[in-house]
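The two complexes that follow have chain A in common; it is paired with chain B in the first and with chain C in the second.
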Partner chain A sequence: MIRKTIKKEIKELFRDGRVRISIFIVLLLLGVAVWISSRQYQNTNQDYAAARLSEREVWDNQGEKNPHSAAHYGTYAFKPKYPLSLVDQGVDKYAGTSIFLEAHKRNEAQFSAATDQTGLSRFGDLTPDFILLFIMPLFIVLLGYNSFTKERELGTHSLLKSAGARGWKIVLGKWIALFLPVLAITTSLLLLAGIVLSNLPDYGVFQWSSLVAMGLVYLLYYAVFTNLVLWVSHWAKRSGISLVVSLSLWIVACLAAPKAASNIAEARHPYPTRQEFAANVLKDKEAGLDGHNPWNKEAKLLEEQVLAEHGVDSLHQLPFNFNAYRMQKGEEHEAEVYFKQYNYLKEQYQKQSGTYRSLALLSPFLPARFLSMGIAHTDYATHWDFSDAAENYRIATQKFLNDNTAQNTKYGERGYKASADFWKQLPAFDYDPPCLDKVLENNSSNLMILGMWTVLSFILLFISTKKI
Partner chain B sequence: MFRYNFKYESIALLRSKWIQILIVILLLLFGFATYNGQQKTFKRQADIIEANAEIADADRDMLKLLDSVEQGFQVSASSWTIPNAPMAVGNYHPRLASMPPSDLSFLATGQSDMFTHFVKPTASGDDLALNFTEMTSPVQLLFGSFDIAFVVIFLLPLLIIAFSYDVLSSERESGSLRLLAAQPISLYKWLFQKLGLRFFWVAVIMTLSLTLVFLLNQVAIGSNFAAFMGFLAITLAYALFWFALAFAVNLWVGSSGKNAVALLGLWVVFVLLIPAVLNQLGGTLYPMPSRGLMINDMRAIKAEATQRQDEILDNYLRDHPEYAVNDTTQKRSFWHRYMASQQLVKKELEPILIRYERQLEKQQLLLNRFTWVSPAIVVQGSLNQMAGNGNKSYKSYREQVIAFAQEWRNHFLPMLYNNQEFRSENYAQLPKFTFQRPTYQSQSSALFVVLCSALIVLGIGALRFRIYSKKEQSLVNQ
Partner chain C sequence: MIITNNLTKKYGDFTALDQLELSVKEGDIYCLLGANGAGKTTTINLLLGFIQPTSGSAFINQLKVEENPLETKRFLAYIPENLMLYPSLSAVENLDYFSGIGGKSLNKSQLEGFLEEAGLQSGAFHKRIESFSKGMRQKVGIAIALAKDAKVLLLDEPTSGLDPKASNEFGHLLQKLRGKGVATLMATHDLFRAKEVATHIGIMKDGHLKQQFVASDISLSQLEKTYLETMDYKTLVS
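Right, the complex of A and B next:
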């Protein structure tokens, strides 16, 4: 019975002109999207490699210079693009790509692609994730809305009944028939992406396991939609009503809920404005040690403490340059201030994520979106991870520079310059995004919500269709 | 016949709860969107007021400190922050350059969630250090805002599609079309009237619910009456376009299922695909140069300027003898050298930075040339403009701030090079910033474009009438 239903449904689907056209359009769009994204990916990575190399050269060839001047001159950390961004661009367009690493200050990532585009970019891009997340569910709605209603409208419903068909068998047959084209399209897209990626010359971190995980997330997401659409089709009396209701589900899940969630999250847990943030940092900084200012209250305390520790009574007797030592201590205090203030941002973001999760109960789109971005390393969490890594590197760099001054100069000595080949000793900034296991662990609640959606929608479908 | 059609269709719409559902849905959608938009606007205003208050506080402290210094008292501030040095005022007491929201800012978030609305340019900072982006979670930028523009551009067409995709085909499928064909009215006219009536109801409900929702959310409709009417006009024209599409699809396509697929396909094309493709096209034809490589260039220029600071200062004073005429001390501090080389860096950076604005302009021009391809783009541009949150506003703001930053810097340079002190009486002369809204093109061209698209689509629908005018039967039997 199941096999016969599948066969009949598939045959019927492919006879229908609208289905053939829809499949053709979806495949065409996917092809174009993959092509555009892979070009973009290659361009971005070339620029990234060039910028990184050139910046390191600038750093290495500073010549003789005072280490603290070099610290102010600073260096840049550039964010690479990861292979699976080919499939899901995530928030990459809206997150900055380079961070300026200088003395005394933690800077935010700058120059996001969206700020360099016209207002049109806010409509979205023709990327594979757009098709996977928005168009495919719409495709399921269009293919499946009349799955049951047509039986009623054509009168075959009573034939089925009289043939003694079991409800779950018919449903399962219809389910598989509806899911097969979706499965075929998704698999072929991911395969295509996988082949493109493994043939790129510098695909380095690309792993098939991530791609498979991503594919599974999408399949779960589509299973939810398939369940809901079939359920609506079974419940509705007419095809028209079924279409309008399924369409409304799609609108709410994919269009309205994410936007509403973003508004609610922002209203409940707002970020400070850039100016407020800067003011808070300044206030905290002023309350502590200022590395440049020996008359600062905290600086005086530090002086007394160091003198007592070394059992000497003047700064000149110390085995190192106290000015550089104070500079380093000031740097540590500032790093703490930034740690605190950025942690506040992170907390706000965590709370916002909580809002998104609670609204995910209204929309399977949200967990799928977050999981897909997470696996592709294009989500906000990866961006945070990168910016934290850059900050750790900045702190280490400051210590490296201040220690050099402290060891090579005496207290009160001015005009010290480190030798020209000293700069090369600073290790290069290197960042590896979290591995797949870690990403899945961090996104476990999203996984759970998506899983819950899948299970509950299956139960809903099979319980309500016990009798056809 | 028109009277009967109007009357009985209206009754049918009421009985099928179509009108009631539409009222509830539109009130909810517009209400939520307006509330969100107004909250954002209020926050933006409050932020600017707070930032201004902070500056007023800081200024009071500065004047107090300045007064003490002028009276010869010992003060307990770090030496380089004491405001009798012009550079201390220029760097530690910047003015606020803010961009307040317009009255209709809530209509469209536009770029306002991405860019900041107040910056404080300092005398020593360069133009690149002015960060015009706001601190926002990129997730929010990705998802966008639930604003009036979203409801109008994305959701309104879907509502229209849901209520009109089967106007003709459902009559055919239920068999009542045969009865209708026996009436003394042409089917085309009947269909036109039927859809026209639906448009009429949508227009009435939209106008009333928008007015109600705006009034409830304290929107100053009275003082922005012309803009409000402009907004209604473009929104209704956009709705008309979608009704026209439904009319054409009903005539040309056929069964309910096919109509639905065709209309949704057209929705995807107009609202999602064309904007995305145009955006991509702009980016491909006029690609933005890499920001990473820009950083490399900037670093090289700065590094060179730092090494040649003394030389640069000499050249600079030779070029600007007026700066040093009144200076008898010939004192040269860090700032003398730094500001001179900063001016040079600015000059050399300018062509690099301008490339970005130029490319963006070119992309915008390309877009303007093709905007008519999709009414969704026209409406988006138009609403962004009414809200004052479009790219043009932010570009203008950036330019005004950069000009102001230069004015601010220039205000202190003569004092610096003449080794003059900043005094209390100089405070009143500090330059101030007021944002001038850019002049926009009139809304009527946008309205014209949308109306034209609607008419063209109606024409395409009516074309079937001309081609098959003898065979009206084909509509019934199909």
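Right, the complex of A and C next:
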């Protein structure tokens, strides 16, 4: 009975002109979205590779130079574009692609794609994740809204009942028939993305396991919509009512809930303004050691402490250059200040994420969105991770430079220049994003909520449709 | 095959069916006559298990409908007044689906055989139902009953809206099913068709079975007169 129902429903779907047009539009949009995204992906990665190479060449070829001048001259940490960003671009467009690494200061990522575009970019891009997250659920609504109501409107409902059809078998048949086109389209898209990514030059390690995990997340998301749309169709008396209710669910789940969640999260756990953040950093910096200022109170204390430790009464008697040593200590203090202030931002972000997670109970869109971005390494968590890695690299770089000065000069000595080969000894910045297991572990609550949505919506559908 | 004992259905204070006693045996065609609201469709809905009786009971093939809603449906086929099938599917595809739901798995030639037996022209077998007339759809309905090997056939106003030729063909089909031992209960307004095909005739009014005859014991004019008298249409009785 289930097989016959699937066969019948599929035939009906594909003989319906509206459905054929919907499928054509979705496939066309997907094709265009993948093409646009793969072009963007290739261009961005070419830019990334070229910029990385060029910046390193500039760093390596500074010639003879004072290390602290080099520290102020600075360098860049570039954020790579990850393979699955081809499917889900997440917050990449707004998060910035590179961080300028310099002495005394932790900078934010800059050069985001959004800042390079006009205000029209607010309308959004045609990307595969837009199709997967917004259009596919709408496609499920259009395909399934009259799944049960048409039986009542046609009059076949009484014939089905009189034939002794078991409710759950009919429902399962209809469910599979509605899910099959969705499964086929999603699988085709992910397969296409996988093939494209496998054949691109290796700008990041592409893993099929991540693509499969992403596919499973989307399929769970679609299963929830399939359950809800069929449930509404069973509950509604007429197709028109079913369509309106299903569309309302789509609007609430995909459009209203994410925006409301954003507003609520921001209202409950606001980020400080840029000015507030800068003022807090400055206040904390001034309360500690200034590496550049030997008359600073903290600098004097450090001086006394170091002299006592080495049992000497003059900075000239120290086996290293105290100026460079103080500079390094100043860097460490500033790094602590930035760590503290950025940690506050991170805490706010985590609290906002917590609010999002609690609101994910209202919409399956939210956990699916977070999981998809996480697996694609295009979420804020990955961006924070990259930002922290860049900061650690900046601190290590400053130590590398200050240590060179401290070891090779005496206190009061000026005009020291490191050799032209010295810069090459600094290891290049290399960032590896969290692996799939770690991403899933970090998103376990999103997985749980999406799983709960799936199970509960299945229960709702099968309990309410016991009798057809 | 079909038995009702004191079968009663009430909606609040309104009694749609009152203590119906009915028996339709193998090979019988029992026609229930009556005006709208007489209780004919209520009787059929109770036999189908679509609604539950207030009191009394209905049996299909000795199984109580209320207690065996799915099992009893294995023995019966139902054709409503407007048999609506899936318009985008062909006759063969509709038959395949409905016989499949009834638990039968038939190949293409078997499906075509049943449609042929039901009197559908072979040129229509693979045409979409959306182009079918009511008479053609009724034939597909009969083919479903044949394919299901139904022991009981429940018909609700099946000839309403059919042209005389289609109605006549439908009557012949019922006779064919009778020959196979199918017990048929048909609710109808059509006295002429009832007299032509029925073995037994009952007249219902206000939820009561007022009169019952063996069809061969009564002429068409006597049936018409009795019907009008039962309905209190005395001015029409000449």
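Just so it is clear, the second predicted complex is superposed on the first by the 466 of 468 C-alpha atoms of A that agree within 3 Å, B and C clash if a C-alpha of one lies under 4 Å from a C-alpha of the other, contacts with A are read in each partner's own complex, and residues count from 1 in each chain.
In the analysis below, a contact is a pair of C-beta atoms (placed from the backbone, for glycine too) under 8 Å apart; a residue touches a chain by one contact, two chains touch by 3 or more.
No experiment lies behind these values; they were computed from the predicted model shown.
Asker: Superpose on chain A as described above, then tell me if chain B and chain C fit or clash.
Answerer: They fit side by side.
Asker: Using the superposition on chain A described above, determine whether A:P367 touches chain B (first), chain C (second), both, or neither.
Answerer: neither
Asker: Identify which of chain B and chain C touches the larger number of residues of chain A.
Answerer: B
Asker: Kindly classify A:G215 by the partners it touches after superposition: chain B alone (first), chain C alone (second), both, or neither?
Answerer: neither
Asker: Let me test your reading of the model: by the given contact rule, A:S239 touches which partner, first (chain B), second (chain C), both or neither?
Answerer: Only chain B is touched by A:S239; chain C is not.
Asker: Using the touch definition from the top, say if A:L138 reaches chain B (first), chain C (second), both or neither.
Answerer: first
Asker: Based on the superposed arrangement, let me know which partner A:P433 touches: chain B (first), chain C (second), both, or neither?
Answerer: After superposing on A, A:P433 lies clear of both chain B and chain C.
Asker: Angle at chain A between chain B and chain C: what is it in degrees to the nearest 10, using CA centres?
Answerer: Rounded to the nearest ten degrees, it is 90.
Asker: After overlaying the two complexes, what is the shortest C-alpha distance between chain B and chain C, in Å?
Answerer: In the combined three-chain model, chain B comes within 13 Å of chain C at the C-alpha level.
Asker: Can you list the chain C residues touching chain A in their complex?
Answerer: Spelled out, the residues of chain C in touch with chain A are 48, 50, 70, 73-74, 76-78, 80, 82-89, 93, 96-98, 100-103, 148, 154.
Asker: Considering only the defined contacts, which chain A positions touch chain C in the complex?
Answerer: Listed in rising order, the residues of chain A that touch chain C are 1, 3-5, 7-8, 11-12, 15-16, 154-156, 158-166.
Asker: Mind listing the chain A positions that touch chain B in their complex?
Answerer: 17-18, 21-22, 25, 29, 36, 47-48, 50-52, 54-55, 58, 62, 73, 76, 78, 90-91, 93-98, 108, 110-126, 130, 134-135, 138, 142, 146, 239-240, 243-244, 247-248, 251, 255-256, 258-263, 265-267, 270-277, 279, 290, 293, 295-296, 345, 349, 352, 356, 379-380, 383
Asker: Give the list of chain B residues in touch with chain A in this complex.
Answerer: These residues of chain B touch chain A: 32, 36, 39, 43, 47, 51, 54, 78, 110-111, 114-116, 118-120, 131-146, 150, 154-155, 158, 162, 165-166, 170, 256-258, 260-261, 264-265, 268, 271-273, 275-280, 282-283, 288, 290-293, 295-296, 299-300, 302-303, 306, 356, 359-360, 363-364, 367, 376-377, 380-381, 384, 390-391.
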